Amino acid sequence: MLDKIGIAKRIAQEVKDGMYINLGIGIPTLVANYIPTKLNVVLQSENGLLGIGPFPTEVEVDPDLINAGKQTITMMPGSSLFSSSESFGMIRGGHVDLTILGAMEVSEQGDIANWKVPGKMVKGMGGAMDLVASAKHIIVAMQHCSKEGASKLLTQCTLPITGIKCVKKIVTDLAVLDVLPSGGFKLLERAPGVSVEEIRKATAGKLMIEGEIPEMVLD
Amino acid sequence: MINKVVSNAQEAVHDIQDNAVVMFGGFGLCGIPENCIQALLRSGVSGLTCISNNAGVDDFGIGLLLKTRQVKKIISSYVGENAEFERQLLSGELEVDLIPQGTLAERIRAGGAGIPAFFTPAGVGTEVAEGKEVREFHGKLYLLEQWLRADFALVKAWKGDSSGNLIYRGTARNFNPMMAAAGKITIAEVEELVPLGELDPNHIHTPGIYVQRIFQGQQYEKRIEQRTIRK
Amino acid sequence: MLDKIGIAKRIAQEVKDGMYINLGIGIPTLVANYIPTKLNVVLQSENGLLGIGPFPTEVEVDPDLINAGKQTITMMPGSSLFSSSESFGMIRGGHVDLTILGAMEVSEQGDIANWKVPGKMVKGMGGAMDLVASAKHIIVAMQHCSKEGASKLLTQCTLPITGIKCVKKIVTDLAVLDVLPSGGFKLLERAPGVSVEEIRKATAGKLMIEGEIPEMVLD
Amino acid sequence: MINKVVSNAQEAVHDIQDNAVVMFGGFGLCGIPENCIQALLRSGVSGLTCISNNAGVDDFGIGLLLKTRQVKKIISSYVGENAEFERQLLSGELEVDLIPQGTLAERIRAGGAGIPAFFTPAGVGTEVAEGKEVREFHGKLYLLEQWLRADFALVKAWKGDSSGNLIYRGTARNFNPMMAAAGKITIAEVEELVPLGELDPNHIHTPGIYVQRIFQGQQYEKRIEQRTIRK
């Protein structure tokens, strides 16, 4: 089973040279720490920056420079700044290559729910609906099951959804799975020490298993 | 050029009346019109409809206007950092309209640019789509969304000149340029009011035509929500 | 009767302090020369400039700085530069206070025709359709009649139109007229030496004459 | 950052095939991709659909590609300065689609920003409206217009860096920024290619994400159409 850092490390393996990437809040933010330094990638912050750098040192802190999680950040050489409409034009126009975000539920059709829980205080969808509606490639970082043990990989989402038919790949604490265009979760890899049977039990939606399922290789 | 300088925030917001629709620039607490918010607190105007990406925190930004019950309705994409907000919402004192962030940005941009409606994919198949026209283009579904305009837009820039030309700084730009264009009356507060001709015309983010009033703000606090430091 | 400069001078009297103005090609461009210098106005060039200055001296000529008529220009202090989409956003959004442009025909409903003559080479409408569809106030500079003596102020345009119900005021070589919201040309002033009767004969559309019509005062 | 530098115009345009849809930045002859046009002349590619506000003059700009019959169709707002253009149009060798300038700019902007269609008032009641949906908003009529995208966008900037960030100069900006975003492959030629990190992130007009290839152009003529001088 993977912890959050393990999920982030595994997702980092999906990053390819030359990609522009938007990272959501939570586990996705951690992915940045594990992208191989030999790859040239650019991180987009939807509040108006291409080229997010590391967190600032005490003296570098600038209140005019934050990421979408409102954290203080720095800029890489070659960064650019722009307005929110330009930023979402970039996202909506399909210019961002990869979006990595968290989810509360994913359906076997690739629907995602990650913004609202009935009965709980609604904070708003922020940029999530725009991102999932337009991203060329979406990877979801999530726990396979709730704390109560209920599967979050479902036939249909039970929570209000954020977007339909958009998730392409899921990395959980148990497995890596593709969402097939025709529907269904295709098991690609098992987390270290996790059996196919455990994954099968933890997946409520249609699970497709073909041949031997390799264990993930993390360094 | 046309001189739009007013002496201070109080003068700038003097005619914002009860029940006005007001846009506030900023993302979180970054790039918000601090001086104008203070002036509204002092003016006591009430029943405001606030269009702003966020709702501030309990004791800063729009959160201050919530505390004094000056706000009737908020139109935002994310309002998560505010306990008083939550209380008023649950008690029914406050109306909230939640809009996907990119749709919010584009609706405001459309308001300023005279585009009454446009199609966007964000929210298709979700509750955001309820009551909206859905249409297919090139094999993909889109929602029809309408422009947003406001009686007043309150924006914050880094530098500005007397004719209302503005330059923002860093990610404090965010919603400010679109709001500047979408306000019937746009009020710009700037950290530094510079002499006409000092700003490079090629670097101006908001041309002065969109700005009706401008003043140099005072005592910017620029509060940081998440001070994240690398060792 | 007014010559082109006379028409430009008379239109310049309509300019008020604090206006943002778009000037079309031809007579409208001449208007800039006669705006009282005590007025603070800003000229917009739809190819991306607010704050058109005078033509450049030989040494000031800059190929990267032209107006919508492709003429070399200079910038006033306090100018701003922007893209074509921002420029037409400005126009479409109603931020430009006054548009002055030429016309081949105007109807008593305020329709304008100024871009195309059937049988002649079509050059395109450029920005004219956007300007007339969105301007808060439009003044047309034109000859009252064609060279053959046919009126250009008509009940209905005969040429392909550029925009409907948009012209508010017309300054011709013979007269100043308002186009009434309910339809019809309301005669406001006569050009020096021109009689009401001459204007009546030269106007094919519905002409409204109330009381004494004063002669224009030009300096 | 990602390195997008190619050595020259020839390399940059090598895969522009016959019948490609290509956007060309510029207003008149101001801010046009001179080097790319020259490279297309040399490549001999034909059947091009050119999206450009204007069509150049007889011996410069897109006019050069007209003369060599490399253009099948032009989508423009104004094509007036070109005798060869007129001849080909009248003889039926050339297709022309004339679009109001603001609609052209906004359709290209929409293409880059993923907005498949929007409403605009330009052209209501004219022949431009033929076949288009007309709808009333707030008491005014608008036409539904669709996005424009291209296989390639050729843009010209003043300065650029290896990751494709661009800064334009003066009114040479015009259609270039929207086209940069609307091209499937966007090729930027710049007067000066500067080291990464030299451009102020706050002054960048076109973020590098929109640009796939960049090179430093040579021997810019920057021809002036109307040299108007004050004595």
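Letters A, B, C and D mark the chains as written, and numbering starts fresh at 1 in each.
One rule holds in what follows: a contact is a pair of C-beta atoms (placed from the backbone, for glycine too) under 8 Å apart; a residue touches a chain by one contact, two chains touch by 3 or more.
Just so it is clear, the structure is predicted and the values come from calculations on it, not from any experiment.
Colleague: According to the touch definition, list the chains common to the neighbour sets of subunit B and subunit C.
Modeller: D
Colleague: Please tell me whether C-D or A-D has the greater number of C-beta pairs in contact.
Modeller: Answer to which pair has more contacts is C-D.
Colleague: Hey, which chain ends up farthest from subunit A, C-alpha centres compared?
Modeller: When every chain centre is compared against subunit A, the largest gap points to C.
Colleague: Roughly how many whole angstrom separate the Cα centroids of subunit A and subunit C?
Modeller: Each chain's C-alpha centroid was found; their separation is 55 Å.
Colleague: From the mean C-alpha coordinate of subunit B to that of subunit D, what's the distance rounded to whole Å?
Modeller: Roughly 33 Å separates the two chain centres.
Colleague: Taking the mean of the CA coordinates per chain, how far is subunit C from subunit D in Å?
Modeller: Each chain's C-alpha centroid was found; their separation is 29 Å.
Colleague: Once you find the CA centre of subunit A and the CA centre of subunit D, what distance in Å lies between them?
Modeller: Inter-chain centre distance comes to 36 Å.
Colleague: Check each residue of subunit B and list the ones that touch at least two other chains.
Modeller: 106, 109, 113-115, 120-121, 169-170, 202
Colleague: What are the residue numbers in subunit A that touch two or more other chains?
Modeller: Touching at least two other chains: 49, 81-82, 85, 88-89, 91-92, 134.
Colleague: Would you please name all pairs of chains that touch?
Modeller: Pairwise, the chains that meet the contact rule are A-B, A-D, B-C, B-D, C-D.
Colleague: Write out the stretch or stretches of subunit B touching subunit C in their complex.
Modeller: Counting only subunit B, the residues touching subunit C are 1-3, 109, 111-115, 161-163, 165, 181, 196-197, 199, 201-202, 204, 207-210.
Colleague: Hey, which residues of subunit D end up touching subunit C in the complex?
Modeller: My answer: residues 27-31, 53, 76-80, 86, 89-90, 96, 98, 100-106, 108-109, 120-128, 158, 169-178, 205, 222-231.
Colleague: Spell out the part of subunit D that touches subunit B in their complex, as residue ranges.
Modeller: 106, 110, 113-121, 135, 137-138, 140, 142, 146, 167-170, 202-203
Colleague: Which part of subunit A faces subunit B closely enough to touch in the complex?
Modeller: Where subunit A meets subunit B, its residues are 45-49, 54-58, 61-67, 69-73, 81-85, 87-89, 91-92, 111, 121-130, 133-134, 160-164.
Colleague: Applying the document's contact rule, which stretches of subunit A touch subunit D when the two form their complex?
Modeller: Touching subunit D: residues 17-18, 20, 40-42, 44, 49-51, 75-82, 85-86, 88-96, 134 of subunit A.
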